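Notes to accompany the following structure.
Note that the chains are named A, B, C and D in the order they appear, and that numbering of residues resets to 1 at the start of each chain.
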Amino acid sequence: MTDTARTITKVLVANRGEIALRVMRTCQEMGFKTVAVYSDADRNALHVRAAYEAVRLGPAPVGESYLRGDLVIEAAKRTGADAIHPGFGFLSENAEFVRQVEAAGITFIGPSADSIEAMGDKIAARRRMIAADVPVVPGTADPVTDDDNLRSEAERIGYPVMIKASAGGGGKGIRIVRNAGELLAAAARARSEAAAAFGNDAVYLEKFLSEPRHIEVQIFGDTHGNVVHLGERECSIQRRHQKVIEERPSPLVDDAMRAAMGAAAVKAAQAIGYVNAGTLEFMVDANRDFYMLEMNTRLQVEHPITEMTTGIDLVRWQLLVAQGRPLPLSQDQIRFEGHSIEARLYAEDADHGFLPATGTVGRLELPGGPGVRCDTGLFEGMEVTPYYDPMLAKIIVHAPTRDEAIDRMRRALSEVTITGVTTNLPLLRRTLVHPAFRSGRYDTGTIAAHPELTGTPLSENRRRNVALIAALMAHVLRRRRGFADRPSAASASSAWVDAFRPGDAR
Amino acid sequence: MTDTARTITKVLVANRGEIALRVMRTCQEMGFKTVAVYSDADRNALHVRAAYEAVRLGPAPVGESYLRGDLVIEAAKRTGADAIHPGFGFLSENAEFVRQVEAAGITFIGPSADSIEAMGDKIAARRRMIAADVPVVPGTADPVTDDDNLRSEAERIGYPVMIKASAGGGGKGIRIVRNAGELLAAAARARSEAAAAFGNDAVYLEKFLSEPRHIEVQIFGDTHGNVVHLGERECSIQRRHQKVIEERPSPLVDDAMRAAMGAAAVKAAQAIGYVNAGTLEFMVDANRDFYMLEMNTRLQVEHPITEMTTGIDLVRWQLLVAQGRPLPLSQDQIRFEGHSIEARLYAEDADHGFLPATGTVGRLELPGGPGVRCDTGLFEGMEVTPYYDPMLAKIIVHAPTRDEAIDRMRRALSEVTITGVTTNLPLLRRTLVHPAFRSGRYDTGTIAAHPELTGTPLSENRRRNVALIAALMAHVLRRRRGFADRPSAASASSAWVDAFRPGDAR
Amino acid sequence: MKYHVLVDGEHYEVEVLRESGGFRISLGDESHYADVGTLRDGYAYSLVIDDRSVDIGVEERGDTVSLLIAGGRYPAEVLGEREWIARSIQGTAAEGDMTVRANMTGIVREVLVQPGDVVEIGTTLFILEAMKMENEVKAEAAGTVASISVTAGATVSVGDVVVEIE
Amino acid sequence: MKYHVLVDGEHYEVEVLRESGGFRISLGDESHYADVGTLRDGYAYSLVIDDRSVDIGVEERGDTVSLLIAGGRYPAEVLGEREWIARSIQGTAAEGDMTVRANMTGIVREVLVQPGDVVEIGTTLFILEAMKMENEVKAEAAGTVASISVTAGATVSVGDVVVEIE
């Protein structure tokens, strides 16, 4: 046994929502007990109910609960968990936390603290990648702190430029600047957002590629020196730098390009001795040239589309690698079957400026049937609060061809009903049938470029249908409360009337 | 265009529950509108809600609703449906119905009336299969009507023998007779059950194979003369001749045996010019010799495990073939990936003689996550009535290996909660961990041979846990009704007490 | 509050007391703190007992509370002190097997005996059908059929009296 | 009963009448028979309108009824005859854009103006944060800040008044 061989018997999942549940499912299949941690807002959450044990961390705000690494480690010790899975977000890319976990004799299911640091500071990572001969986007080699530098570097790179948080990820702390006049105000706002989100206000500049595609490559390394890639994921359908729809394979990527991107991704991972699951994000320009953007040193939100097309359970691989086991498959044993698409359901009003939406889930219907997977933490009665990420569910489909996968996703989305919380479901439905998506010729600017995706007027016929049904439903709803003024409403018994009180939101 | 090329635009699904929903999902993906039919008991059923249009057939009993072919055809005409999918059960193997559908100019999505007749009369089918050189189980070549014949034929075949309904299927109308003394009474009961279930009281005798395995082969034929097989399904885990758990591949079948069974199945289908989806059921004895039992001329309940391991949507193929299109894949293009298991959730008390259970579904939690599919018509508030089949849901998993698939199914079953209706969930859970199942060495007698599968006493520790939690829940439930005698219960407001009335089953 | 709980015929005395927002539950030397989250009032609860998480579906029928946990079903009879004493004094009503009830909800397909018939243990009395399955209900005691409450074709619910034997 | 329904600003008069267990709904020349199945009272209904099946989720907020059908969301304002007349007489309250409200539920991250400040259309007044996203709320009218109802760090709900402009 080498020192990388570790026994896992109980896994604490330091996360919430769908990803915590998803990790626990694989743990349970592998025979590991699970420990959930939760904030007061999540006492009744699915991840708490799915776990073998559950430990309260603190109040709802993330700074008092899910970001409290000390409390997480304390919970692991108290329950005897010998491994911690961080999910994504929260503590997943916090090298200091990883060091504390390892110091406590607990296995961190993910890369080493050194790897996280190497890639976590986006500026240092750029330098290493350039050294390893991995193509990167033109930009500053260092954080830019003073305003004069900011101006001169932006001029050098050429507008438009992007201001990015050095410690960033997930699209947060990014500002696009189209001319010198916007530069300083945008930088100030980006710094304050970065400080709030990551505790680090360093920012740097990068060339803004016009209409790029965002394509990433899943890689996996083990402690025996093996690194493989599991193909690409096309993530260009975005709103305000947040991914909305992903698919695999990318309509743009052919076998030669896949091999080239895969080789670059493996080279990048090998350059830092990377172990466990990681993702290399690339920008692809109109010439199909690709530039590495950053490495996400964790499981990605969109990992299921890789699972659906390879048959591999990525969380199982994470747990195997964390125990010092070699990767189950070599590069030439990894095969791709069919086409997979993921649609992210966000609690936001896409038709009104993507405003975050909160509320209590009233009715909930989720999709099912052949080739459909839905990863979610939603349940009826759940409160959607302003404290956490707006992603409510991931709807994932798999089918033999891209056309069939799109048709399957349309069908799956038509099965979703959520009341009480506004979601981006209309945007998802419109995008799937839009010629830009259907043709496969889209980029990160597609949603912004097509206002019809975020609000289409109804046809006269549809308006009439809505009017008819809305009147009917209003009649039914109001009559059951005894508010109707027709005599026939008197049949509502008084008990029935009493049973409904204002504020009866559930 | 040959006369087999037909255009489909709207499909009426002449069924209910999970299979009606499952068929509609593929119709929707292919762009066909759907029509549901329903009995009064199913007004709010999922299949009605999923359909584009819905037509009431009649009262709850099947003889007044789902078996009324005339009303189904009337509904198709009224809504302009140009095709009818029968699902399984009900009218799916009724040749007369198929003729009426075709006479009305509507496409029947399934085999021809002649094929159904050829295979529907089990005795005639045996004769044809013998002629086509397909191995069949020793038995009578004709229906046996008089008691003397019955006795002499049973003696000739040798006890134990099975009495089977000539028009039967789905395990109904089957009686096992171990000695001459039981013969006549059993035959009388089998005839009366057959008459009630199929409107035909003809029965025949077959050799009862001791501890056989029940393995079937999915075949598919098109109107261009192509017939392929899609591999086997192992269906030996049965209770009283009803399948409970199926898996693919069969732990018993190796590549040579698969090829031999596949070839026999294709030969059987070709012998009658079979078109569309069909299944050849085989009995396999201890020597791994296989005998054809019968052909089911329709989609099977357990078709999803074939879908999960081939990536083929069988309903899509049914619809393509019904339009006169050729099969999308040839035999050598059909590949098998991984292992799939299906568990059938029945409304029955498996621990008390498999008594059918009825009730109103209170709380419902269904399984999800990677590699899990759940086909069901269940919803909260649904009434499970005595009128229809007890199957409530099919839980299907897929994983790279059999061991992983079993672990995944255990995990999936642990996510199921249904209150209000007793189900066979405990039997399913016990079977999955039982050495007989885990080893793959099981047969159709396994459930009956292992009484621990249908009732295991709790350990003292488990009993204590149940006592503690049951007392807690009783306290919580009774206190909320204001029945507790402790002063602290006075905090329950009177409105709260009023809101709960006896009989408030929902 | 004290409860008498019967699980698989075994008797346990459990104490349930309010404690800081949750409950303390005790059985002999064993004592746990239980936090109760209500998912759906009357049907679904999330318990955290000490650190253990238990997601639970509940069915209540008279004194019997059935717990549905992780795919398992665990019925238990839960009685208050008063009901327990009353039952101890009264004993179980000795109705015995002379009253034959429907063992499931379904349709009476056939009644095979008439009042006055002499039956033995195992004699088939009537045939019930539900979900296309026939069930033969047999006498569990020998005697004479005193009365029959239904006719063929009738729908009965679980527990309905069908035949009385003297 | 007659309803005035506003969909995307268009006005429709719809009549809803009881008819043999269901309802007749009419709009001008158009008339349909609707059967209403209740799936979950107040939230979920199964409609069969003529033969058309419509599975529907409902949200009600004041006069607005939002229909959730096959993944789409369709809000409509539904008024009775009396409310419609009342509104016609009264007109829309001319509160205008001078009252600046929270456009989402969240935490006030920063207030960028003070009472007495002169603001123009587009001046950022305050920054709201929810779900880790910051939203800048801007003035939609020029004027002088009259009052500010919250301070940084406060939690506000959709529609809460934050700034008044004169």
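In the analysis below, a contact is a pair of C-beta atoms (placed from the backbone, for glycine too) under 8 Å apart; a residue touches a chain by one contact, two chains touch by 3 or more.
What you see is a predicted model; the values in this text were computed from it and never measured.
Chemist: Kindly list the shared contact partners of subunit A and subunit D, in label order.
Modeler: B
Chemist: What is the chain whose Cα centre is as far as it gets from that of subunit B?
Modeler: Taking each chain's C-alpha mean as its centre, the farthest from subunit B is D.
Chemist: Given the two chain pairs A-C and B-C, which is bridged by the higher number of C-beta pairs in contact?
Modeler: Pair with more contacting C-beta pairs, A-C versus B-C: B-C.
Chemist: From the C-alpha centre of subunit B to that of subunit D, how far is it in Å?
Modeler: Whole-Å distance between the two chain centres: 48.
Chemist: Rounded to the nearest whole Å, what is the centre-to-centre distance of subunit B and subunit C, using the mean of the C-alpha atoms as each centre?
Modeler: The mean C-alpha positions of subunit B and subunit C differ by 30 Å.
Chemist: Centroid from C-alpha atoms only, then distance subunit C to subunit D, rounded to Å. What do you get?
Modeler: From the centre of subunit C to the centre of subunit D is 50 Å.
Chemist: Counting only residues that touch at least 2 other chains, which ones in subunit B make the list?
Modeler: 50, 414-415
Chemist: Where does subunit D touch two or more other chains at once, residue-wise?
Modeler: Answer for subunit D, listing residues that touch two or more other chains: 39-40, 55.
Chemist: Per the contact definition, I'd like the list of subunit A residues that touch subunit B in the complex.
Modeler: Answer in residue numbers: 21-22, 25-26, 28-31, 50, 304, 307, 311-313, 337-338, 366, 368-376, 399-400, 404, 407-408, 410-411, 414-415, 495, 498-499, 501.
Chemist: Show me the residue ranges of subunit C that touch subunit B in the complex, using the header's touch definition.
Modeler: Against subunit B, subunit C makes touches at 1, 3, 5, 7-8, 10, 12, 14, 16, 18, 23, 25, 27, 30, 32, 34, 36, 39-45, 47, 49, 54-60, 65-74, 76, 78, 80, 103-107, 109, 129-135, 155, 158.
Chemist: Mind pulling up the subunit D residues that touch subunit B in the complex?
Modeler: 35, 37-40, 46, 48, 51-53, 55
Chemist: Please name which positions on subunit B make contact with subunit D in the complex.
Modeler: It comes out as residues 35-36, 43-44, 48-55, 78-79, 379-381.
Chemist: So in the complex, which bits of subunit B are touching subunit C?
Modeler: Touch residues, subunit B against subunit C: 172, 193, 196-197, 347-348, 353, 355-358, 362-363, 365, 386-390, 413-420, 422, 425-426, 428-429, 457-458, 460, 462-464, 466-477, 480, 484-486, 488, 500.
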